[in-house]
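There are two complexes below, and they share chain A, which is joined by chain B in the first and by chain C in the second.
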Partner chain A sequence: MNGTKQPRLATQRKFRFTNDDLWGYIFIAAAMIIFCVFTLYPVFNAIYTSFFNYKPFGSEFIGLKNYVDTLKYSKFNLFYKAAWNTLVYTAVVVPSTLLISFSVAVMILPFSKKTQSVFKAMYYLPGVASGVALSVVWLWLYDSSPDGLFNQLLSVFGIPAQNWLSSTKTSMLSLMIMALLSSHGTQIITYIAALLGIDNSYFEAAELDGATFMQKVRFIVWPLVKPTTLFLLVTGVIGSFQVFMNAYMMTGGGPDNSTTMIGLLIYNNAFEYGKYGLACAQAILLAIVIAIMSMFQFKMMGVDVEY
Partner chain B sequence: MKKITALLLVLVMVLGLVACGEKTPETTKPQTGNNGETTPVVEPSNEPDTIVIMAPPVTGEYLNNLKVWAADFNKLYPHLTVEIIETSWGDHSDKLSTMAQAGEAPDIAEISSGALGTYVEMGVAIDIAKYMSADRLADYDANAVEYMSLEGTTYGLPLYLTIQSIGANKTLMEELGIDVAKIQNEGWTYEEFLDVIAKGTDGNRFGFVFANAGVTASDMLNIFGAGVGLSNNFTADLKYTFTSENMLTLLTAIEEMTKSGYMPNYGVEAGQRMVMCQTGNAMIFGKAMPLFESNFNKNNAALEANDGTAVENSLPMEYAFLPVPTMMGCAESCYGTVDGLIAMRNKNTTDEHLANVLLFMDYICSGDRIASCMNELYLDPVCQSGRDALVLQEGRDEQNLATAGRCIAMVEAPPAGVTAEMTATAKKMMDEHIVPKFQLLLAGEATAQEVYEYICEAAYDAFGAENCVSGKIG
Partner chain C sequence: MATGLYSQHLHNRKVLYIRNTVITIVLVALAAATLFPIVYMMMSGFGPNVATAGNMRTIFPSRFTLESFEAFFNFSEYSLRWIWNTFVVSAGTVIGNVIFASMAGYAFAKIKFKGSNALFALILVAMMIPYQVTQVPLYILMVQKFSMTNTYAAMILPSLCTAYNIFLCKQFFSGLPTPLIESAKIEGCNQLQVFTLIILPLAKTVLAVMAINTFMSSWNNFFWPFLVTNDPAMYTIQVGLKQFKFANETLFAPMMAGATISALPMFIMFFSLQKYFMEGVTIGAVKG
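This part shows the complex of A and B:
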């Protein structure tokens, strides 16, 4: 009998809500409230709104119509074109950014702490500037007239002036170049931190075995920074799928919608056309796509990665 | 157990927030149209009330003036206080849209007539005829009020009717023997315009430049469209106009211009076009407005004073505001839009409050308040009390003044019977299909015929072929 009673008493003691528990909840309440107000509530509200023809005074329930309208295939439905543009942008920008950041980090690493800090600050600096200010500078660089800075640079090599942002041949490329040349700070700093965490004994052993620089990078550095790469890849893809500012400021989505990204499409539906429900449905679909992409990346790359 | 407790806490919090976010009961029901109805005017009450207005800098001095007018209004009606939300042109429409969507729109907001459909569809625009007297409403020009109306319901008061056309270096044109006064007085055809820009083109100068980079491409469509009978999205019998033969003629003309070498074959940013004219790199430029006369005069004065404020490498020159050339034998016309103030519904709106709102809205849209604004914008007031109060600024070019007056008279208001849904579809059609394809034409990556065929296909999909014009308008 005693033997059966004792575990029950132990279990009861385990689930008693103590004073400590109360204080624990009070301490995490601030974070929980912020999370609920600024993340959870907007997400639930967006899901809820996506089933309505939203109007501030008297929304009309329309079921899945916003989803159907978004996914209904037609050559005039911009959603697929925007999705394709976003995918192409992501496929080029994210891996290129990681490669550039990794290369720069490897090159910075041999320098002294002081020199490293100077480089880190230099690469991080564009991230401090506002996106709008950066866009203005890039608009100036992409001036399509023969006097434009990039066009003058091309003329040195005998290449004719380009209609950078106004031609479908160069508009997406222009946005990609802009992304590739102005946002590496965070990735470089993260990679340097990861590189500094690699034990020196690996390199010493490799040197004894006569490994070249590239062999050390391939067989020691790259596998050991894989968790960092996975993290940067996942966050990079998420950020890239949500890209908005570049297209909004530089091209407005044109020409011929060649730079219309999903983020811009959602913004236009919500704030240009007042189709809040439709915009919410598109935002939810985007979130689902991002979640699937992230899961896929973890599945593919995260097998031997531990956090 | 802890997990369950945490989940419960989260759920309680979320439910609490959702409950907080619930809409408060409406104090007044959305107004329906006033088509021929004799709706009673709601009288303002004498209870203390606060009116919220949100406005961008309509003119350089507008926001400062607004504060003065609000104080003057408060002296006239001591129980009414005005709160001003100042915005910039850059964030005005986003801010307004967000506030309106949240049910927290200001009582009065500045909008362009093109955006009216969005707010009517949203259910936040107010039928103002119910809250102001017919006498006061009659002070405003019917043509301008038409822009602030949809389906026979008036949602706002016009501030001004702005015209957009092309402008030129008058000094250079006269040096080249071009009769500027004749063009300003009598108008011109597209063929004459081509001859003129050909004359104005030399090795270092384009005869014509139009800011057409990015979304500004739509300006070229709208402005030149007015010369080919495409002043409005819909005809009097409510058929969509951009599928007409006139559209093909317009696209063909623009294709010809871009390939002619008389204008740049690359995207020109909005800020560059006037500078190109002032520096002698272009003779005629667009878009242009009568107001630009002030910019040219200021630059001439700066050049004379040599104080370093003039546009770099600019030349002294006179400005001419020109009418848009006509095509296909269409009647001369001008592209114009109305900017105005609309009354908006929010969670605290009551009928008495709206009557107060309209009192203030009418006060700032009329009389010497609007006259001073129009002097700054080089435009004519669109209400009788404004015209009566207008004391024309000295030193304005008589010829430009007369041309602006002639062009304003040519502006065609949208036809009656256009619904908010039609307006919204037309806007989406323009933004998502016409302008993007037009950008291709400007970049030389599609022909006029290809663009036209795509536009027709997209329009038939959006409105139905039976609701689109086939053949010629006008």
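This part shows the complex of A and C:
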């Protein structure tokens, strides 16, 4: 079909009106335009910008300098500090959250549907509050005066008041505790859904063999929910690598950069110091690391996850 | 049903009773720790307008009053507008996603057109890209090239049709029987009629889930509105709360009142539409 003149094109369109191709493109048109302008273009633009020293009028091409600057090892290179902080935060928060969520899900299981949904709602509730609201509240819970709630709690055990967020010793720990207590709702609900999907015959067979409760959990439940665990692990790690809100709102990365994470570092480089090129380079490195980690996790768990 | 996991003591009522009591105590204790910050936030928000947390030795305020809310609203003449702004942005985002993502999802699931697999794969890859990658170019695009600072459009457009929602819709529509669509076509429906008359009525639940999830993440979104607004009249409630926090580091009760205002609409929505929230968690996740 080669419509060379305008009127012929119009009739052709009418002719192709029933064609699935045309309908497909009509249906995805709006979505694809939005996708191209607000996702695809920014991604390529980020790669392009990462090779430049960005200036609003006429950026200067500097090749790989942004990447070299990011990765050049020195004591004062914040990137390594931020990467280490992110890694520590992830290594503690993600597995602990998974373990807590799994245990809670198993414990919720024996109750009636009604009780189950009450518990689910209770654990899920912090998840619907905004990060800003939660940060503001936790900021006060960590108040460093002896009247701060956590300090009051410590004084019950005879431990002196701590400087929670403003001491290098406890700042990271404080952010971890907060994450552990406010972000397990979705994990618990996902685990419960997975647990309810396990066929009863597995347990009946295990019972004939005289399996104990812990044996059932260890040899039936845990292997069977492995795809769920993998899914939560991957999404958890991806989310944790990008963590920004808590550090930004509660510590600003301090004290002494002890809570500066990659997400905050990129934000600061871009919007505090205006180093757009450097920020883009670091964001792309982060994306690459996340991609490699996800592939590695899929390999390690050795299962194909069904979406 | 995995009830078989707990079949151990079914014939021994006493052991069963003790076991369930112990489990309940552990669960309630953990839930209390989870809920505590939120309860503390609301209690303090409804308490008297005190400056420091030191005056809050108990979780229940000495008296219930709205003066802390008043103090929060008096901070900026626009504070009521922040709520309205957030609502407009969230509603706009929801409408866009419900229309565009469902159309695209249907096309990817049920219309065979050239390049559909490649385009869908592209969208899947895009879902994995962290937002840090796109934030700087997006900021330059919206603020410097389009000069859209302080507009609703700047806050809505980038999330008008998210890759995740397209994926969600595609997953759901793929599960619908194809003969249904074929027979409608034989009856003389074109694809648009099939979509509006047959598919959409079947998709009410998934669309509701999508709308609610999108509304919530849009309402709670801080980062993007923060980047594209600098006029207090155009702040969303999250941005306003952040500015209030940085301006009044020491005003305890009004800050809690502000946090309550930003979170309460979501709590109300959660309790009235709990079923859809729960469905939303598992709908995109894996099958166990």
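Operating definition for what follows: the second predicted complex is superposed on the first by the 272 of 307 C-alpha atoms of A that agree within 3 Å, B and C clash if a C-alpha of one lies under 4 Å from a C-alpha of the other, contacts with A are read in each partner's own complex, and residues count from 1 in each chain.
By definition in this document, a contact is a pair of C-beta atoms (placed from the backbone, for glycine too) under 8 Å apart; a residue touches a chain by one contact, two chains touch by 3 or more.
Treat the numbers as computed from the prediction; the structure is a model and nothing was measured.
Residue by residue along chain A, chain B and chain C are tallied for touches, and C comes out ahead. Of the two partner chains placed around the shared chain by superposition, chain B is the only one that A:Glu272 touches, whereas chain C remains out of contact.
In the superposed model, A:Thr228 makes contact with chain C only, not with chain B.
Of the two partner chains placed around the shared chain by superposition, chain B is the only one that A:Ala161 touches, whereas chain C remains out of contact. Using the contact criterion defined above for the overlaid structures, shared-chain residue A:Asn45 touches chain B and also reaches chain C. Contact with neither chain B nor chain C is seen for A:Glu60 once the two complexes are overlaid on the shared chain.
Looking at the shared chain after the overlay, A:Tyr202 reaches chain C, while chain B stays out of its contact range. Once the two complexes are laid over each other on the shared chain, residue contacts for A:Tyr25 go to chain B and to chain C alike. By the touch criterion defined above, A:Gly254 lies against chain B but remains apart from chain C after alignment on the C-alpha atoms of chain A.
Residue contacts after overlaying the shared chain place A:Ser145 against chain B and chain C alike. In the superposition on chain A, the residues of chain A contacting both chain B and chain C are 17, 21, 25, 32, 37, 40-41, 45, 56, 139, 143, 145, 270-271, 276.
Contact residues of chain C toward chain A in the complex are 1-8, 20, 23, 26-27, 30-31, 33-35, 37-38, 40-41, 44, 52-54, 57, 96, 99-101, 103-104, 106-108, 111-114, 116, 119, 122-123, 126, 128-141, 144, 157-161, 163, 166, 171, 190-192, 195, 216, 219-220, 222-223, 227, 238, 241-242, 245, 252, 255-256, 258-260, 262-263, 266-267, 269-271, 274, 277-278, 281-282, 285-288. Put simply, chain B touches chain A in their complex at residues 1-2, 5-6, 9-10, 13-14, 17-18, 21, 23, 26, 30, 93-94, 97-98, 100-103, 105, 118-119, 121-124, 212-215, 217, 264-269, 272, 345, 424, 427-428, 431-433, 435-437, 439-440, 442-443, 445-446, 458, 461-462.
Chain A contributes residues 15, 17, 21, 25, 32-33, 36-37, 40-41, 44-45, 54-58, 74, 76, 78, 139, 143-145, 161, 163-169, 250-257, 268, 270-274, 276 to its touches with chain B in the complex. The residues of chain A lying in touch with chain C in their complex are 17-18, 20-28, 30-32, 34-35, 37-43, 45-46, 49, 56, 100, 104, 106-111, 117, 119-126, 128-134, 136-141, 143, 145, 147-149, 152, 181-182, 184-186, 189-190, 193-198, 200, 202-204, 207, 212-213, 216-217, 220-221, 224-225, 227-228, 231, 238, 241-242, 244-245, 249, 262-263, 266-267, 270-271, 276, 279-280, 282-284, 286-287, 290-291, 294, 305-307.
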